[in-house]
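Presented below are the structures under discussion, each in the form of structure tokens.
You will see chain A twice below: alongside chain B first, and alongside chain C after that.
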Partner chain A sequence: MTADVSTIFLLDVARGRGIEAELRDAVEEAQLVDWQTQWQPALMSVLQELARRGVPIANWPQSWHWNWREKTAQVKGLLAYRGFSVVCAGLTQGLMSINLNKLARIPAQRGKPLVYVDYLEVAPWNRADLGQAVRYRGVGTALLVAAAVLSRDEGFHGRIGLHSLPQADDFYRDRCGMTDLGPDADYQTLRYFEMTPDQVTVFLEGESGHEV
Partner chain B sequence: MKFERNEKWWLNKARQEGDSFVGAGLLARDPMPAAEAAAPAEDLRLAFGRFVRLMRRERGLSVEKLAERAALDLNELVSIEEDLDFRPEPRTVYQLANTFDVPQQRLMQLAGLSVSRDAGFSQEAVRFAARSESTQKLSREEKAALDAFLTVLSKGESKDKR
Partner chain C sequence: MTTKRTMTLNLTDAEMQVLDDLSQRKDLTKTAVIRQALRLYQTVEARIERGEKLLFENEATKEKAELMLL
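Then we have the complex of A and B:
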């Protein structure tokens, strides 16, 4: 199966201008190779720098992964699921895996199907929380846009749900306008967020309208 | 799936994102930070196997040559480097400690043959394993990982003696 590719634009922070990128409706071997050969070493160098500076482990990024073997096996498993990726300048900039078998929890939508984001991660060089200059902005948003559009394509009216990493709560609540349903005891108290059809309309249309 | 918006729309979205962290799902997060949990025996054995391999490669030795130099069975040495479930004989670890000139007690702990009271040691061992992927050539990072872990091994000996 060939991936369907949409042209999107990210913000190249260093140059202060847009750069063309691909939003692919697949996670392919090339993305997993990038994850292993580019993302992991980039995170490793962050670890070395934190250790060198004597930063307490408690203050390291919350999504820091120690168990590389387990993590690698899990990420490789993404090939078995429906996924999306953002590719720019020949490198994978973000990955997302989705699940179409979950139902909405928000009272007004309860029991209706939605697109559940199982996993969403952006490349280390696109993360400001690691204390380095961000290369491209907009990668995470592009993946969330993909989830919302897929939800519409599937007849789910744009409903999406996800469990946020703690440092991303504000993004989903304030920047994306999602509804915060609070900590979920079944997901290590990660907060659960949903986007309703009305919220998706606002999220996808935005201020500058659209052009086909 | 096709979704088309112009550059202005995407850049507006990117600017709205700003420096926000974006991540979701348990897979994007380690379910149990190693800093808060004791390393399982399997992780220590992984570190032990990688330590032996890197020390051997740093000295430019083949598995066969190391087996010869340390007076060890070749199959056992291969198992140490390759098999996570393999539990080496105490004599083997003793011989390796002497060959590599590292503290025997610490290497015993790393091999899972004795228990360390120092929680930091197992964390350092896991960190070492995470930093030392097996490749053909000893990379600069691996060399740094090896040197750092050798320091930990040496420090650990004096701590355990107290």
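Then we have the complex of A and C:
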């Protein structure tokens, strides 16, 4: 099965203008090769620099141990699990894994199905929190838009849920307008966020009018 | 968009009633309920084949009960 590909635009930070990219509704072998051969070395050099500067491990990028090849293999062939990727300039810029078997927790939506974002990660060179110049902006947002659109396509009215790594809490709360339901004692005390159908409408309208 | 195929589904009155109820409670179309059920069934089957168990836990009492799938 081949991936459906949509054209999106990211911000090329160095040039200060938009650049065309692909949103693919799959994580394929080419993306896993990029993760292994491009992301991993880039991340490793960041980690070495953090270690050299004596930065505590608690302050390292919290997704550093994620293994996308394993994650993809674990859910291969299962209808409830889907992947998305963003490709720009011939390289994978972001990856997302989602689960369609989860239910909403916000009282007004409780028990209704949603798109749960299991993992969302952007390439190390696109992360502002790593203390280096960012290559492309908008990758994480593009993936979250894809989750919202899929949620609507599946009849879930745009509902999205996810557990956030602490370094991304502000992004989901402030940039995406998700509701923060607080730390989840059953999930490594990570904060749990949800987007309701109304919040999704605001989010998607904001993104469609957002210029890169 | 992934291509979808159409099928006819024959249900008893009781089954149709359950489908109607789930559709209303879950805020889903009947097609979406069936698709969701298929995903869940496949996930459960895959995990049981891996040697895992399906357990339900009472949130209040923490009592666990295993769902036996034959």
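Keep this in mind: the second predicted complex is superposed on the first by the 177 of 212 C-alpha atoms of A that agree within 3 Å, B and C clash if a C-alpha of one lies under 4 Å from a C-alpha of the other, contacts with A are read in each partner's own complex, and residues count from 1 in each chain.
Definition applied: a contact is a pair of C-beta atoms (placed from the backbone, for glycine too) under 8 Å apart; a residue touches a chain by one contact, two chains touch by 3 or more.
None of the values given here were measured: they were computed from a predicted structure.
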| item | value |
| --- | --- |
| First (chain B), second (chain C), both or neither touched by A:P107 | neither |
| Partner chain(s) touched by A:H157 [first = chain B, second = chain C, both, neither] | second |
| Partner chain in contact with A:G16 - chain B first, chain C second, else both or neither | neither |
| Partner contacting more residues of chain A (chain B vs chain C) | B |
| First, second, both or neither for A:L79, with chain B first and chain C second | second |
| Which of chain B and chain C A:A128 touches, first, second, both or neither | first |
| Chain B versus chain C as contact partner of A:G54, first or second or both or neither | neither |
| Partner chain(s) touched by A:G90 [first = chain B, second = chain C, both, neither] | neither |
| Which of chain B and chain C A:G182 touches, first, second, both or neither | neither |
| Which of chain B and chain C A:D4 touches, first, second, both or neither | both |
| Shared contact residues on chain A - chain B and chain C | 4, 153 |
| In the complex with chain A, residue positions of chain C that touch it | 1-2, 25-29, 31-32, 35-36, 38-40, 42-43, 46 |
| In the complex with chain B, residue positions of chain A that touch it | 4, 6-11, 18, 23, 25, 41, 44, 47-48, 57-58, 60, 62-69, 71, 74-75, 97, 117-122, 127-129, 134, 136-146, 149-150, 153, 162-165, 167-168, 170-171, 175, 187-188, 190, 206-212 |
| Complex interface listing, chain A residues touching chain C | 4, 78-80, 100-101, 111-113, 153-157 |
| Sites on chain B touched by chain A in the complex | 1-31, 33-35, 43, 46, 126-127, 130-131, 141, 144 |
